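Per-chain residue numbering starts at 1, and chain names A, B, C and D are given in the order in which the chains are listed.
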Amino acid sequence: MRAKDDRPAWKKRLYDIIYEADTPLGKLFDIVLLILIVFSVVLVMLESITHIHVEYYWEFFIAEWVITIFFTIEYIARILVIKRPKSYIFSFYGIVDLLSTLPSYLGFFMGGKNLFFAIRALRLLRVFRVLKITRYVGESNKLAIALKNSKAKILVFLFAVFIICIITGTLMHLIEGKDSGFDNIPISIYWCIVTLTTVGFGDIAPITPLGRLLASLLMIVGYGIIAVPTGIVGAEYSRATDASLANNTQVCPHCNEDKHLSKAEFCHNCGNKLNE
Amino acid sequence: MRAKDDRPAWKKRLYDIIYEADTPLGKLFDIVLLILIVFSVVLVMLESITHIHVEYYWEFFIAEWVITIFFTIEYIARILVIKRPKSYIFSFYGIVDLLSTLPSYLGFFMGGKNLFFAIRALRLLRVFRVLKITRYVGESNKLAIALKNSKAKILVFLFAVFIICIITGTLMHLIEGKDSGFDNIPISIYWCIVTLTTVGFGDIAPITPLGRLLASLLMIVGYGIIAVPTGIVGAEYSRATDASLANNTQVCPHCNEDKHLSKAEFCHNCGNKLNE
Amino acid sequence: MRAKDDRPAWKKRLYDIIYEADTPLGKLFDIVLLILIVFSVVLVMLESITHIHVEYYWEFFIAEWVITIFFTIEYIARILVIKRPKSYIFSFYGIVDLLSTLPSYLGFFMGGKNLFFAIRALRLLRVFRVLKITRYVGESNKLAIALKNSKAKILVFLFAVFIICIITGTLMHLIEGKDSGFDNIPISIYWCIVTLTTVGFGDIAPITPLGRLLASLLMIVGYGIIAVPTGIVGAEYSRATDASLANNTQVCPHCNEDKHLSKAEFCHNCGNKLNE
Amino acid sequence: MRAKDDRPAWKKRLYDIIYEADTPLGKLFDIVLLILIVFSVVLVMLESITHIHVEYYWEFFIAEWVITIFFTIEYIARILVIKRPKSYIFSFYGIVDLLSTLPSYLGFFMGGKNLFFAIRALRLLRVFRVLKITRYVGESNKLAIALKNSKAKILVFLFAVFIICIITGTLMHLIEGKDSGFDNIPISIYWCIVTLTTVGFGDIAPITPLGRLLASLLMIVGYGIIAVPTGIVGAEYSRATDASLANNTQVCPHCNEDKHLSKAEFCHNCGNKLNE
C-alpha cells in the first residue's frame, strides 16, 4: 500500500530525519537515540543488581516505560515513512528494533521478567546503526576486506582446533577420569577449549603425570597456533592496505606507465601531464 | 589377486562412488558418511555422560551396532573395489577406518569398554577424508606452504621454550618447595609450561616473594616471545601469498620460462622480448 | 612578571641544567633525578609491606622527607628559571611534579596516609621526562606512527569487543544465575572480559552445560580476534618502516617536491627532470 | 704455558674431536655428549621425585658419579688441548662446563644436596654448544637479525608495561586492600603482571566493583598491546627475509636496471646479458 513513490512531504522529511544524518535534525535524532540506547542498556545492567533494583523499584519502572514508549513510537514511525515497510520489518535492524520494545510489553502482561532480560540487552545492537554514519566505521573498511578474505582459512583453522579439542578431550577423560573433574567427554572438551585458548580457569585441572604431559602438549600447541589466524589476518590486512593505495592510480596517456602516486599530476616516467 | 587392471564393471562403479565425489551417487555417499561419522562421535560423547548412558542404554547399544556394521561393510567394500588393497590397508586412512570398527567388536567380546573409548573417537579423523573434496581445504594451501616453511624455525623456538621451562622449573622447585605445590622438578616444569603459555590454571601458584619475582619474569618472557612464531608465520604466509601472485605471469614464447617479474619486458632466461 | 626575555644569567644557566641534558652538569642532574625517582618509588612499595614499615618506621620517615624536600626545591627552581611559568605549571609534567611533593605535606598535616599512596606512585611518571633524552625513545618513533595510524581501527575493535562482552554477559547471567557467581550483569560482563582476553582467573566459572558451551564460543572468539589488533599494528608498523625508507629520496630541483617514487625520473608535481 | 702454536699432534687430533664436528669421531663425540647431557638432566628431574629417589637411591648415586667423572675428564681434556686455556675457562661455556661437574663434588663433601640441584640443571645449557653445528640454528639466522633489530623497541615496550604494572598495582592495593589478597604494593604489582600478560592464576582476584573495573581495563590493555611486540617482530622478520632475498642482485651493465631475479641471466629491461 504505502510502497508508492509519491509519499507525502512530511513522510519524506521524517524519513530524512530518522534514516539519514545529513540534516541538523537528523543528526540530533541520531544523538538522542544513541543516548537513549546506552541509557536503556545501563538500566538493564543496574536492574540486575538485586539491592539496587529493590531500592529504586519505581524509578526503574518509570524509566523502562519511558524508553519503551519512545522506542515504540520510533518503530512505528520507521514503518510509516519508509517506501517498502516489509524490507525494513524483516531486515536485521527491523527485528532488533522490534525486540527492543516487545520484551517490556510481554514482561508487563506475563509477569516473568527474567526471561526477557537478554532480549532487552540486544538493544545495544541498535548502536551499530547509529554509528554507521561516523567516520570510525569508514576506517574499518580495509579491516572488513581483510577479514572477509581470511574467512575460509579461519574456518579451516577453527575446524582443526575443534578436532584437536575433541580428540584430546576424549584422551583426557580416559587418563584423568572423574577424580579431577573430567567427568565426561563434553566436559573434557570444554576443558580442552579453555586450555587451548590459553584462558585456563583452573576449576578443572589435571593431576596425573600423564594428564599433565598431555595438557602441556595441548598448551604448547595452543600457544603456537595462535600464530596462524594472526599471521593470516595480518597478511590479508597488509594486502588490503596495499591494494587500496594502488587502486586510485592512473595510467599515463603518453607512455602508459602505471602505479603513480595518488597525488601525482605529471608522469614520473616521461614527464607529461597525467590528466589532460 | 585383486590387483589386476581388469576389475569388473561393478567394482569400477563402486570405486567411483566410494573413493570419488564427481558423480551424484559419490556425493551422496560422502554426505551420508559425513553424517554418520559426526553422529557416531556425538554418540561416544553422550555415552560418556553417566546418567544419559544409564537411561538410554539400549538406544546407545543399537545405534552403536548399526554404525559399526555400516562402517564394517564400508571397510570391506573399500578393500574389495581398490586395485591395490595393501596400499589402502596400510595407509593412514586405512588404519583409521579399521580403528573405527574394531573397538566395538573387541568391547563386545572382552567386556571392558572404557579402554576402547578413545579409539572410537578417532573416527572423527575420517572427516578429513570426506572434507578433502571441499573447497575449504583448497583455501588452506598457502597456509600449508607457510607452515612448512616455518617448521624449522618453529622447532628451534619450541626447543628454546622447552629449555627455558626446564631451567625455570628447577629454580622454582628450589625456591618454592613443597609448600606451594612445586613438589618435584617435573611438576615445576609443568607449571612453567602452564605459565609461559599464559594459560595459568592457578592450581599451583608461587607464594614466596622470590618465586613470584621469577614467575613475573617468566610471564613477561612468555608474553613477549609469542611474537616470534606469530611473526614468522605471518611473514611466511605473506611470502607464500606473494609467490602465488607472481605465479600467473607471462611465459616466454622463446624458452617457455615462467615466473618473470611483472614489469619485465625481456625474458631473464634467454633475453628475447616477452610480448611480441 | 618573570616571562621576560632578559632573564639573569644564573637563571639561564640553571635552566640549561634542569631542562636540558647537553651539558655535563645537566646530564648529572638528570641521572641524580632518575635515581631519586626510582628510589622514592621503591620506598613507597616497601612502605606498603606492613612488617617492614613497622620495623624501619624512622628510616622511612627520614628518607621520605629528604626526597620530598629535594623535589620541592626542584619544583620551585623549575618555576623560577623558566620564561613562562604558567606553561610549565599547567603542563602534564608540571602537574605530575606538583603531585610528587604535595601528598607528603598533606599526609603530614592531615594524618591519613593511605589516601596519598597512589598519588605518590605517580612520581614514576616523571621518569619519562628524564628518559625523553635517551636514544631508546627515538627508536620508538615508527612504533608511535604505527600506533597513531591504528588508533581508529583499534577503537572500533575495542568497541566491538565491548558489545560482545555486554551481550554475552547478559546471556551468561541468565543461563548461570547466582549459583556459580554470575550474580548480576556487571559481574557477568567482568567475567566475559576476563574470559575474552584469555586471562581466566577462575574465581567465577560456568557450571551448567549451556553456560560452558557459550563460554567455549566466547573463548574461541577471544582467541581468534586477538589476530585483529596484532595484524593491524603489524601492517601499520611495516608501512611506517617502508615510509621512512622512502623518505630519504631525491628532492625536485625545480619545485622542491619530495617523496618521489624511487624509480621516478620526472617530478610528479611539475613534470621537470629530477636528476640533471 | 700451553698457549704455544706448536701443540703436539695428539692434542691437535683431540682438539678436532672435542671442539669440531667435521670428522666422524668428532660427530660421534658430539652425539655421545648430547645423550649424556640429556640423560643427566632427566636424572636430576627424576631424583627430585621423592618416592623414586628413595627407591632407586643407589642407581641414582652410581649414574650421577659416572656422568660427573665423564664430564670432569671432558673438562680437563678441553683445557689441555686448546691453545689458550684461559679463553675457554672464562668463557660462557667454560663456566657452564665447570658448573656441570663441581656441584656433585661439593655435594659429596658438604652433604647438603638440595642447594646444588639448580646448578646441575644448568648442564642443559651445554646442549646449545653441541647443537650449534646442526642445521636448525642456521635456519634461525634471519630470526636472530629480526630480534636484534627489534631489541630497542621491545625494551621500550617492556619498560612501558612495567610502568603500567607499578601504577595499576598501587591503585589496586588502595582499592582492594588486604581482604582480597592485595596485601601490599609488590604483591599487587605481581598480580598486575599476572593479569596483563593474560596468565591469570586466580589465587588473587579483585572482589570490589571498582577493582574489577580497573582489572577489566588492565586486561583489555594487556590483550591489546600484545599486538605491539608481535607486529614489530613480524615486520622486522619480514624485512630481514626480504633483505636476504634482495641481497644477491646485480645491476645490468647496459641499462643500469637493478632488482633482477636471483636466477636471471638476461636483463628483464633491455634484454642484454647480465654477467659478461
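Throughout what follows, a residue touches a chain if its C-beta (ideal position, glycine included) is under 8 Å from a C-beta of that chain, and two chains touch if they have at least 3 such contacts.
All of these numbers come straight from a predicted model, not from anything done at the bench.
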item: From subunit A, the most remote chain by mean C-alpha position; value: D
item: Classification of the subunit A:subunit B interface as same or different, half of numbers criterion; value: different
item: Pair joined by more contacting C-beta pairs (B-C or C-D); value: C-D
item: Centre-to-centre distance between subunit D and subunit B (centres being mean Cα positions), rounded to whole Å; value: 29
item: Chain centre separation in whole Å, for subunit D relative to subunit C (CA means); value: 30
item: Centroid spacing, where centroids are CA-atom means, of subunit B and subunit C in whole angstrom; value: 42
item: Where subunit B touches two or more other chains, by residue; value: 186, 198-202, 222, 226, 230-232, 234-235, 238
item: Topology of the chain contact graph, where touching chains are joined (line, ring, star, complete, other); value: complete
item: Complex contact set, residues of subunit C against subunit B; value: 198-202, 230-231, 234
item: Subunit C-facing residues of subunit D, complex; value: 152-153, 155-157, 159, 163, 166-167, 170-171, 173-174, 183-186, 189, 195, 198-202, 205, 209, 212-213, 215-216, 219-220, 222-224, 226-228, 230-232, 234-235, 238-239
item: Touch list for subunit D against partner subunit B, complex; value: 41, 44-45, 48-50, 114, 117-118, 121-122, 124-125, 127-128, 135-137, 139-140, 143, 146-147, 154, 158, 161, 186-187, 190, 193-194, 196-203, 222, 226, 229-230, 232-238, 241, 259-261, 263-273
